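My questions will all concern the structure given below.
We just call them A, B, C and D in the order they show up, numbering each chain from 1.
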Amino acid sequence: MESGTGGVDRVRGVRRYAYLGPEGTFAEAALRTVPEADGAFTLPQRTVPAAIEAVRADEADAALVPIENSVEGSVATTLDELATGAPLQIVREILLPVVFSLLVRPGTDAAAVKTVATHPHAEAQTRRWLRDHLPGADVVFTGSTAGAAMAVGHGEYDAAVAAPIAGVHAKLEPLAEDIADNPGGVTRFVLLTRPGPPPAPTGRDKTTVVAFIRDDHTGALLEVLTEFAVRGVNLTRIESRPTGELLGRYCFSVDCEGHIADARVGDALAALHRICADVRYLGSYPRAGAAENKPLPPGRDDTAFTAAADWVRTLRNG
Amino acid sequence: MESGTGGVDRVRGVRRYAYLGPEGTFAEAALRTVPEADGAFTLPQRTVPAAIEAVRADEADAALVPIENSVEGSVATTLDELATGAPLQIVREILLPVVFSLLVRPGTDAAAVKTVATHPHAEAQTRRWLRDHLPGADVVFTGSTAGAAMAVGHGEYDAAVAAPIAGVHAKLEPLAEDIADNPGGVTRFVLLTRPGPPPAPTGRDKTTVVAFIRDDHTGALLEVLTEFAVRGVNLTRIESRPTGELLGRYCFSVDCEGHIADARVGDALAALHRICADVRYLGSYPRAGAAENKPLPPGRDDTAFTAAADWVRTLRNG
Amino acid sequence: MESGTGGVDRVRGVRRYAYLGPEGTFAEAALRTVPEADGAFTLPQRTVPAAIEAVRADEADAALVPIENSVEGSVATTLDELATGAPLQIVREILLPVVFSLLVRPGTDAAAVKTVATHPHAEAQTRRWLRDHLPGADVVFTGSTAGAAMAVGHGEYDAAVAAPIAGVHAKLEPLAEDIADNPGGVTRFVLLTRPGPPPAPTGRDKTTVVAFIRDDHTGALLEVLTEFAVRGVNLTRIESRPTGELLGRYCFSVDCEGHIADARVGDALAALHRICADVRYLGSYPRAGAAENKPLPPGRDDTAFTAAADWVRTLRNG
Amino acid sequence: MESGTGGVDRVRGVRRYAYLGPEGTFAEAALRTVPEADGAFTLPQRTVPAAIEAVRADEADAALVPIENSVEGSVATTLDELATGAPLQIVREILLPVVFSLLVRPGTDAAAVKTVATHPHAEAQTRRWLRDHLPGADVVFTGSTAGAAMAVGHGEYDAAVAAPIAGVHAKLEPLAEDIADNPGGVTRFVLLTRPGPPPAPTGRDKTTVVAFIRDDHTGALLEVLTEFAVRGVNLTRIESRPTGELLGRYCFSVDCEGHIADARVGDALAALHRICADVRYLGSYPRAGAAENKPLPPGRDDTAFTAAADWVRTLRNG
């Protein structure tokens, strides 16, 4: 595996991409940013669990689903699906700006918009705009923003709040663009495959794990986080999730900076393996977006780990 | 305020309850478990932000919205709405078992069910049952499970997967009950009011806060959690959330055991106030459900705090 | 009590100073640096316990004894005496450079020095000099360096390695000065009184405590130190000591920066009081020497503590 | 190297034992408990540094010196000598009960005892007994308890407070035995050799290290201790020591349970190597005395370390 190819090689053999559909969702827009997916089969799925299941069942080679801060689907669903069932692996993350358009059939003008269809989450993010610009229109909810656009295409409603890509599929055009009340929103998607070697480290990677604590004592989470902190591994996301077995028992879903091939990350995961009831490794992959990994504190790079291991080996042998 | 009334007094003056609607949702079912809401005005809202906004705008006195593990709406939305904007306060939590029924118009039998309407999240949780029992039916998505029931009532579809309460409103009857693939699911709702004195401590309380870290250094979360742990305060939920201002900056939404009136909890919040850029207190309220708060480690009860403060005062005075 | 007087007021009423004698020791040299001791009764004691006992028995008002890195006596003895028995309070610390002279009767030259008397610890610190400059002389041990000087004064030996002050008492003169093999050594002495109000804070203070852990579990010390660290209180010395009751049980003797009147220090001591079996406060006093207290991390000054306490009080009252 | 021989094999080749003399000290009594020293050359040294230097200079093969709670010499001296200079290795620890006798020339009775010679530390531990039983006697200090006994043998004084063994060398007999005011005192001695393979693990071992912190920031010690705690390694002694280079800079001398051959101990030492400016390993050796090592928390035994390392290796390879 060539170093520095950043996961590209991992998806070379992927020909069938499941994603959270229908066509025209933000998930499809995210999938279009993956160069290797160009020309591949894309398989829209009705739900996140369906997309994930498609990979587990070998009906797809990869699935693209939202994992954080989504307008389309629940973060919780993705996290819970990945924490249980047959193991899958994140090989890529994609950050997609959340950009909404008001889509109409060609020729519709603002005065003609009496009904606006969209998903509740999208409505929440464009409510002020809708109130200011279409005060008289009724808002109708649909199961997805893409579905809203399709319904507009079929003449059911006058306009849809949706991703720009939804207009392409539904043959709509934007009456207004970039209408989010608070611009700058981002949805994070992950590309999942069945387990295999991780993408090669790029020097700017992230790793995702789920830690099931051994017993639910006060300070259990602190112990888990301490294992990262002592090794200088910075966390970028943490979320406790009920395990479902029993209300009051928890697991922790964590993203950290670094690659499992990095000594400090591998060592932190090994520590979790020792102190947790179970640890599920969900993959190391290149970091998306402009943010940089934090500079390492002294003594946390691979050289320091190698030197320390050599020193102990020498002492043991006298 | 009488001790031991467990928040009841806090909602005594509440006459107008907003909730995540429409009528027939799990949120309405949760609201029906609040004795004080009996006979009050109930105001279904289309979205979580709308329900929250109703309280902020004094159009409602309280709002009931899902906050964790919901089948209806996004946890993230509720968390993010509470973390920003005018402060609100959680005065009660409600745990509602997730129970799905297959609702039909009276007289419909299984063989007649060709279309099943429901919300995508509900579909995900009943998929196996639907596949096994209604293999030939088409599943159609709607904006809410209650909306699905109403659509069945109007004759649009043959059956709805929804909360039992949805059948009451839509004049449907259950063809099958308890059809979740994994029974035991629970949604956690919170009842929000404008700020005021917290409900009296009951000895079995929880407290919710949002901590905005001062600068995003490695170990920042560990510092926040250490302030809870040293005081023996057990956490029951933690979630990092991007603050939205800038990708890569985070706040932490945390539930802990205990009441702000408890010395250890007040002391932990004071510590957070010192080390964080900002702390938003979201309320102390009686714990719902069967799980008990963890036994305190030695030296963390109010007596120990009082004795320690007295001791230091004596030493300072010589 | 005037602020900024740095403990001077605390020793105003002290008229009888016990110290680790005999006359001519480093302890006497240290005592001479205390302005208030000028003209007071000075009571040399044969041992550290005797000096400490003199204060407890009200035979002296204060005692000056070595506590760290001493050439005359054992740190351990002072620590153990302070950790048990009737409480005493440190009101001042004194750092004294360890400077040795080779003292002889007037008129003695190097060729005439056949025997050199000194305490074993002093010999250890001047051994190279003695070997290089007096290779033929025999070294004889005495119970103290001051005793060695007195013995030289009486004609028992030819020379003594001792503090310069020992020459004054024994009417000797230095044949060589500053003869330590490694110059720069410092002994730390403390001035002890019976309990009373601490010296006023100076902004550059230290505090000494002994913490007896509740049960000897793995990580017990970490818990103690965490209480200091979370409040930004820097430690300058730590030492575990067996409690004597039972081999394997320990207490920790700790010096930290700051004054018990500082919010962060008082708060840390209160925390120790809660989690420890016992805490013995040994005093807050001005820091001696050139080293400065570390800058406080953000949020650890008195203003932050007051603001945080006010904030919690407001929340509790709603 | 056979397992379970407890370091015996390490001292098989040792023929010359230096110890803190003179003959008749507690150090000699401790040396007599080492079976391998029977019949070897024993080389009494006047000071701890001299004993240590003898091994460094290959004039002795091993040195036995006090390291903790000594009545004869300073802990600090031993710790400081070991922390600097050519590396040495602790291969055995010996716990010796502190038992004092009142030694006299044969035929002397209590009424005839007008002068009692002893070392100041021994006087401190027998003061009450002396006051009660020999109220009229003068106490004279000598450089060691053994020296006091020799002086009594030479007729200089009437009685000596010393270790029973001192009577053997000086041909004295005990007038009273076990005269310590607080019985149960113990001195801990260590047997030092030049570096080499450590004694084989016995399952009940201790390890000693000195950690020089990289920069003297608030919380530096906490970081060092956390590396032990996360791996379930229990500390039995800790002491900060000024490094001598500059007042205010510190190193930490630490004893922990376990052997460097144990995965958790080697891993903790490797972590110290990464985060400290320097780490000096001073040896792993069988634990003396009746106290047992603490039971390990789950996940800290060698099996857990091996399983965790295997797991990470598998993940890295995919």
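The rule is simple: a residue touches a chain if its C-beta (ideal position, glycine included) is under 8 Å from a C-beta of that chain, and two chains touch if they have at least 3 such contacts.
Everything quoted here is computed from the prediction, not taken from an experiment.
Path length between subunit B and subunit D in the touching-chain graph (shortest route): 2. Contact with subunit A and subunit D alike is made by no chain in this entry. Here the CA centre of subunit A is 24 Å from the CA centre of subunit B.
For the pair subunit A and subunit C, the distance between mean C-alpha positions equals 59 Å. Measuring from the averaged C-alpha position of subunit B to that of subunit C gives a distance of 57 Å. Each of residues 226 in subunit C touches at least two other chains. This structure has the following touching chain pairs: A-B, A-D, B-C, C-D. For subunit A in complex with subunit B, the touching residues are 46-50, 68-70, 73-77, 95, 119-121, 123-124, 127, 139, 141-144, 147, 182, 184-186, 216-219, 221-222, 225-226, 229, 232-240, 242, 244, 247-248, 250, 252, 289-291, 294, 297. Here subunit B touches subunit C in the complex through residues 195-198, 214, 223, 226-227, 230, 260-261, 266-267, 269-271, 273-275, 281, 298-300, 304-305, 307-309, 311-312, 315-318, going by the rule given at the top.
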